[in-house]
Amino acid sequence: MTNSPWDGGLLPEPALPLSSTFEGFLQLSWQTLEDQNAGVTFQIRDDLRQPLGLMHGGIYSAVAETVASVATMAAVWKNGMTASGLSNTASFLRPITTGTVRVTARRRYCDEREWLWSHEFHDDQNRLCAVVDVWMAVRPRPA
Amino acid sequence: MTNSPWDGGLLPEPALPLSSTFEGFLQLSWQTLEDQNAGVTFQIRDDLRQPLGLMHGGIYSAVAETVASVATMAAVWKNGMTASGLSNTASFLRPITTGTVRVTARRRYCDEREWLWSHEFHDDQNRLCAVVDVWMAVRPRPA
Amino acid sequence: MTNSPWDGGLLPEPALPLSSTFEGFLQLSWQTLEDQNAGVTFQIRDDLRQPLGLMHGGIYSAVAETVASVATMAAVWKNGMTASGLSNTASFLRPITTGTVRVTARRRYCDEREWLWSHEFHDDQNRLCAVVDVWMAVRPRPA
Amino acid sequence: MTNSPWDGGLLPEPALPLSSTFEGFLQLSWQTLEDQNAGVTFQIRDDLRQPLGLMHGGIYSAVAETVASVATMAAVWKNGMTASGLSNTASFLRPITTGTVRVTARRRYCDEREWLWSHEFHDDQNRLCAVVDVWMAVRPRPA
């Protein structure tokens, strides 16, 4: 797939230039974007680190929020629906300091109003470093 | 208080220039830093937004992670301990699109190994927009 | 207050004899029932224990679920609304093996659709043993 | 397998007669008990219901707490370790009023100190009604 899910017409037109947004800051490389699976990779950089040199814990939460939001929106927008985050729960298992981070998301639940995505974060030695669950609300698009 | 808790000697020496880190990116203005209370404010900017113009959900999680980490570290580092995040749970109540965001954190629990911080995010009309709970692990500093 | 919030006309008529339900099994003693605060006490008994003799972890979750549900329903039923649980998050801090357990609940958030209650469980030496957050959905009563 | 995991020597000797404990009250029928998968079924009865006739929300949390605890303990006790619950997070998707409930648990994470179990609850029409995540701490047995 292309590296930007915003290119394919699946998502609403951005209201801002993508490069100026937090998505632009994150610089995720999309690997998978399907109704029940999604995945990205990204490189650790200084501006993703906290002052002691580890990847900042909030980056796990933020990347998962983006993955769940984009994957849900890409599945429902074409049907006249929109998606927004309800909750985001991250558990931190092992710090990451350098290299490429691989994020895989699996849709664990889906009904007419709520979707649950579970994300796993692996470092470049394939160790599980965090799990993040995100609940999305799916609603009809406002008129 | 000063705007940087890293100035007062309460925190470990940064391994990276602060301005190059994710803390530098967030540009938080510290209002309160006490053992049981902490608070910051920050301005919404395009690079804190998702493409539709709302503040990105991950920013709530990330700011709370910073507030809880800094506040815990500032309380325990001087006693030979260090702090790291265990989990981060955000519930999103109302979107924020512009203005100043005010974050207040209250320590809800503390024992010899774990601290729980609850954060509230208010917009500049003083509406509660998100709540985020962060569990921190407190351990002896590695030798 | 009386020991049963089901006596005062604030709650919908039970569909089952109370004593036959799980509420009957729990035998909670209601101490406080207000829009923003609620509290119960109960005694540890063998049938609230797991096989090693500690209070079963699920009892924390279950008691909090009851407290949040009853307190929300008591506040909204008279206005034509009903309440149901969305999620229940318990963190276990210290085991309880015997004595009286004291549960205090504080409403942390409330809008037209969702309420958040935070519960603290103390043992009879006044040590905090668990915290439980419960989100309730509030909706118009079905016709 | 037999209906009681307490029969096979995998678990520590109960300190109380099982039938007198909360496990005895729940009357779970064990279907699967493996290192990475576990499952039980149980029947809805009045004393598992709340006063309006639905299964009490706390029963989801409590059953998952038992399943995760027993499955972890059965895997680690023989190696000189013990297990205790850290947190329990339930999301309620659809009420159950009657019939047989089927609970399947999958181990999502495991390291030398923490295990994460995810549980799904299905009703007897095979609809997903709740998901519950339980974190267990695994530690050396006290001497």
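Points worth noting:
A, B, C and D label the chains in the order they appear, each numbered from 1.
In this text, contacts are C-beta pairs under 8 Å (C-beta built on N, C-alpha and C of every residue); 3 or more make two chains touch, one makes a residue touch a chain.
Bear in mind the structure is a predicted one, so any value in this text is a computation, not a measurement.
Separation of chain B from chain D in touch steps, taking the shortest path, is 2.
Relative to chain B, the most remote chain by averaged C-alpha coordinates is D.
Once the centre of each chain is set as its mean CA position, chain A and chain B turn out to be 21 Å apart.
Centre-to-centre spacing of chain A and chain D amounts to 31 Å, using the average Cα coordinate of each chain.
One simple way to say how far apart two chains are is to compare their mean CA positions; for chain A and chain C this gives 35 Å. Contacts with at least two other chains are made by residues 87, 89, 91 of chain A.
Viewed as a contact network, the protein chains form a single closed ring in which every chain touches exactly two others.
Touching chain pairs in this entry, ordered by label, are A-B, A-D, B-C, C-D.
Every residue of chain C that touches chain B in the complex is listed here, in rising order: 89, 91, 93-94, 108-109, 111, 114, 116, 118, 128, 131, 133, 135. Listed in rising order, the residues of chain C touching chain D in the complex are 6, 11-12, 14-16, 18, 20-25, 46-53, 56-59, 61-66, 69, 84-92, 95.
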